[in-house]
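Each chain gets a letter, A, B, C and D, in the order it is written, and its residues are counted from 1.
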Amino acid sequence: MVFILKPDVAKEKIDTFIMGWEQKGFSTILSVGTEHTAVCLIGNTAEIDVDHVVETSDIVSYGKRITEQYKAVNRTVHEDSTVIRVGDARIGEGFFTVISGPCSVESEEQICKIARSVKNSGAKILRGGAFKPRTSPYAFQGKQAEGLAMLRLAKKETGLPIVSEIMNQTQLDLFEDVDILQIGARNMQNFDLLKAVGGLKKPVLLKRGLANTIEELLMSAEYIVAAGNEQVILCERGIRSFETMTRNTLDLSAVVLLKQKSHLPVIADPSHASGIRSLVPPLAKAILAVGADGIMVETHNNPAKALCDGAQSLDLEQFHTLMEDLRKRAAMEDKQL
Amino acid sequence: MVFILKPDVAKEKIDTFIMGWEQKGFSTILSVGTEHTAVCLIGNTAEIDVDHVVETSDIVSYGKRITEQYKAVNRTVHEDSTVIRVGDARIGEGFFTVISGPCSVESEEQICKIARSVKNSGAKILRGGAFKPRTSPYAFQGKQAEGLAMLRLAKKETGLPIVSEIMNQTQLDLFEDVDILQIGARNMQNFDLLKAVGGLKKPVLLKRGLANTIEELLMSAEYIVAAGNEQVILCERGIRSFETMTRNTLDLSAVVLLKQKSHLPVIADPSHASGIRSLVPPLAKAILAVGADGIMVETHNNPAKALCDGAQSLDLEQFHTLMEDLRKRAAMEDKQL
Amino acid sequence: MVFILKPDVAKEKIDTFIMGWEQKGFSTILSVGTEHTAVCLIGNTAEIDVDHVVETSDIVSYGKRITEQYKAVNRTVHEDSTVIRVGDARIGEGFFTVISGPCSVESEEQICKIARSVKNSGAKILRGGAFKPRTSPYAFQGKQAEGLAMLRLAKKETGLPIVSEIMNQTQLDLFEDVDILQIGARNMQNFDLLKAVGGLKKPVLLKRGLANTIEELLMSAEYIVAAGNEQVILCERGIRSFETMTRNTLDLSAVVLLKQKSHLPVIADPSHASGIRSLVPPLAKAILAVGADGIMVETHNNPAKALCDGAQSLDLEQFHTLMEDLRKRAAMEDKQL
Amino acid sequence: MVFILKPDVAKEKIDTFIMGWEQKGFSTILSVGTEHTAVCLIGNTAEIDVDHVVETSDIVSYGKRITEQYKAVNRTVHEDSTVIRVGDARIGEGFFTVISGPCSVESEEQICKIARSVKNSGAKILRGGAFKPRTSPYAFQGKQAEGLAMLRLAKKETGLPIVSEIMNQTQLDLFEDVDILQIGARNMQNFDLLKAVGGLKKPVLLKRGLANTIEELLMSAEYIVAAGNEQVILCERGIRSFETMTRNTLDLSAVVLLKQKSHLPVIADPSHASGIRSLVPPLAKAILAVGADGIMVETHNNPAKALCDGAQSLDLEQFHTLMEDLRKRAAMEDKQL
């Protein structure tokens, strides 16, 4: 159940209102938007008479039941779209933010070269894997802490904020200088990790799991927001289907539905979704056209020699060409690239 | 194995070349493009020495093995994209052709009203179901022959070519005046029907089955082309996945791959793919952006009262608005709407 | 809505009762079981007062609403399990009927040899494909009419009833001597074919489609039964999932649910489900243990040389061994093999 | 590449052999079976001449390449089936071990009552969730540490070894008294957790992920074994498909393939696979018939009041009846229940 408050209610009155509910055993979520402030109740609200609350409270404008299980990420509770600010970048309504970089950080030279190039092409955030989840224990597992150090260097050199995948909550200290924590597809329902990043005050990029529904993705985001961290970016990256010609099946309907049902920004990853370089540019254009707030694209200075996922990485020139194209298209969508 | 012939070879020489292979037990496909003419061999070509053929024949420019099972629809055999002409409409490279109309033809008045309106908005082909494949025997099965008559009337009145779904080969006579025969998703591997429409000289719109791979779709198209009918339009319309929030999962990577691997035109159907009206416009834009040659969109003069699939149909005004948007976007893609 | 009639009601009274409903615009299904007779109404029954009908009719014992869309195949309407009789074979409760034979009939010698052998091992019905649905137009399409003649010969020689796949309704005459018509997975929603076999008085073996739900399978069976043919055998044969190590994913929960929800016999096909010979015996045992009424197993006198699906066929000795094992297990289940 | 050693080779010779390879940059896995001892090389073995090694070494009986990516869990490397011993229970060839208990530990009284009852019915291991991975942050998350204490009490009272799900590696200390660590489906590719439990000397029950292939499951097991812990039990628990009538789709072919490809014990979980109580007994019988080494079944003293997964739990009497049935069947399979 959500109560939309009247404009300009004093903070003390809101606190009193909230405390009243918590004393009755409900959890509450306070959502402060530019348009309105909302208080959402979690718990068994079946016996609450909404109209009675509205009539008897002097701070409530109106109330309604929320049938979805996700509350804090629900657009009904928080009507205006969340825009996340990280360094000079913005992610959310009005922007089409491009995150780019290699699957895996390999060396200082590699990451700095790629960082300079993608920045020059218009990327606003640098990605780079340091801890790599790999199906095989014998496959390259990433440069780990050393990789994070290289990534920090590239950030220092270019000013680009950085995003990297965290694999478990014991790594939180290591990731202190990482601007956006990525939760990978395989960890989308690693609930303890979700709770842990929910305790931070930095953006989290949450990727959809390979076999997870749109609703489950929203529920995982709810874990983070309910724990206190509202800065969640949702990322569609392809789901597993029977089709074998592509690595995964990009689900663009999910992007539209996530934007309709939640106020959180939504991006997509055409590289992991397809696994095929030549599919990345057309899919990137489709992702922009469908209304996403950005993309995450793998690039490499020498894809043929990449330690990981070379077949799906654009080289720096291909990325530059793609960005030129996306720039025109973003303008047509009234979005800032 | 495909042999690309030298330019301007006399027809008799080609016939002799082909006959030579057929006498050795191979089937052949002759593919005449604007750039080159190709002869493709079907059968066990393992023991053919390609270089020897090229050296000893005076009409062969070069030859190569085709590893894919599809030959006649393979872009390797037929490099230039096929453009299908039906009435004033063109489907293929350089065009973004919009097919629109109701899920089901309901009455003369309904279909004519919709036809006039979608034509006015820019649709080039009218769709309308007369024979409806329905999961339940108790559901509305379409107006059948009467429905086809209504569709013809709408065609006469507006000049729009018409497309309608044929459910089995005994209906071929009934569909004589229908410009494009649609093979529905459930019939994509109804091989006898494929062979039957392969014997015609009119375009076939072949929809991807709910659980069929990209390769299987190409093989089904191969049935039609190998039987003699080169006018096949491929249609991605969503596949079945575990996601339940949408009716199906639109697979836009398939559109790109089909265009890469085959010379046939490829369209997509955002209405059946999503099953949700509000998803149709964003998906339509994504379909255009990803490089498809057109869309098939369900429209209805009164979706709330539609006998079939109302929830996914645009009303005529929504369709008009979508078309205005697509017109600008098609221009940016250098495509004619 | 279904009305269970009192015992021993005169036929005229039932006819009058049925006619009354049909005059009000309902379709009806009369279901005569050993335990009770039921009349099922199809149509908008929302406004019917069940209690009022029961009170005012002198032939109705009780009535209830059926929420499922399938009525004629619903166990609620027809409580006792249907047992189908074909030649000396029985398919249904109390039996575990083994159908066996080659994927494809190849020659008189082949089919007769296999028929004699599988009969000797305990198979009760002979399968053999004459018209083969193949993904590729260049693959062997079956011996067709000639194959059916060979199958008839094997039937004559062994006395085994035969089952073979019919691919479209124009073939009905050709299949006159075939005891059980098989509708293949790709045709499960070929509704015109379902209606056509619904007009016959012979058993139909209906295979589940690769991407079809349990409910859709029941609805396809409903097409046949509603058209007048009650002799439908349902067959689980594996569905398509993301797993690539097996040809399909056998869904044994479906067998249990189909038996719970419908009165029709349910068998399963471990050969197509797995596509791997060594998986067939363990899966066959599991199919028996889970409560199915039979299996359909591919056998071949020389699997390595089979024209079709050799990799999943048992040789005749392997089949014999399997049958010895199944015989003991069937006894434990109190089922006749 | 695997080298099978001659019988009765001295330990020092083996050590020397292994060290030789490690100095050349290979990792090695030493696998000591009852039949033979094997040394498996991990790394780029392309240039090793197997025959040359066999000829020149005096301790190698024969060698062969392993094409699969999993080595330590591969049956080629370790021919005889692994049997895991925990308390009085055995899991592996020759046994059909039943693990039972509630989805969630709720109270001392509840878990002890269930433990006594399932032990009396023949269960050999007690399951009970203390930390519960739940889709919603607002759902019951388990009794946590307190739940583990209750579980220990039930163990003490009945002597049954206990299994419970560990959600992340920071919990290892908490789980010290838990006999078998369960890695849940959502954590199957939580590689850091796999590495952590790989460092222990206690059995790990590894559940297949909802969208993970058989090969991926084997690779995750490889993580644990390669890290030094050979006691891994694989568990098929249903995969996600398009079917919605069941919670998941039980994949029994996977059980057979896992047993063929790996030496590890394989069990299955009919409760989570189906999500429906009435399906659990027939699926349990099928799991036994297909060749699994055991089942994990949810039971509850009062399913209607269970805090979690009541709809799929058997009550204690239903479980008892199932066990009586399984006992007869296990005898027929020459397995000890």
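Basically, a contact is a pair of C-beta atoms (placed from the backbone, for glycine too) under 8 Å apart; a residue touches a chain by one contact, two chains touch by 3 or more.
Values in this document were obtained by computation on a predicted structure and should not be read as measured data.
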What's the chain with its C-alpha centre farthest out from chain D?
B
Applying the document's contact definition, name the chain pair with more C-beta pairs in contact, B-D or A-B.
A-B
Looking at chain B with chain C, do both copies bring the same residues to the contact (over half shared) or different ones?
same
Between chain A and chain B, what's the gap in Å when you average each chain's C-alpha atoms?
37
I'd like the Å distance between the centres of chain B and chain D, where a centre is the mean of that chain's Cα atoms.
49
Quick check on chain C: which residues sit in contact with 2+ other chains?
211, 239-242, 244
Does the chain-touch network form a line, ring, star, complete graph or other?
complete
Name, in rising order, each residue of chain A that touches chain C in their complex.
211, 240-242, 244
Which positions of chain C touch chain D when the two form their complex?
211, 213-215, 239, 241-246, 249-254, 256-257, 260, 273-274, 276, 278-279, 282-283, 285-291, 328-329, 332
Of all residues in chain C, which touch chain B in the complex?
27, 42-43, 69, 133-138, 167-170, 186-187, 189-193, 195, 209-211, 216, 219, 222-223, 226-227, 239-240
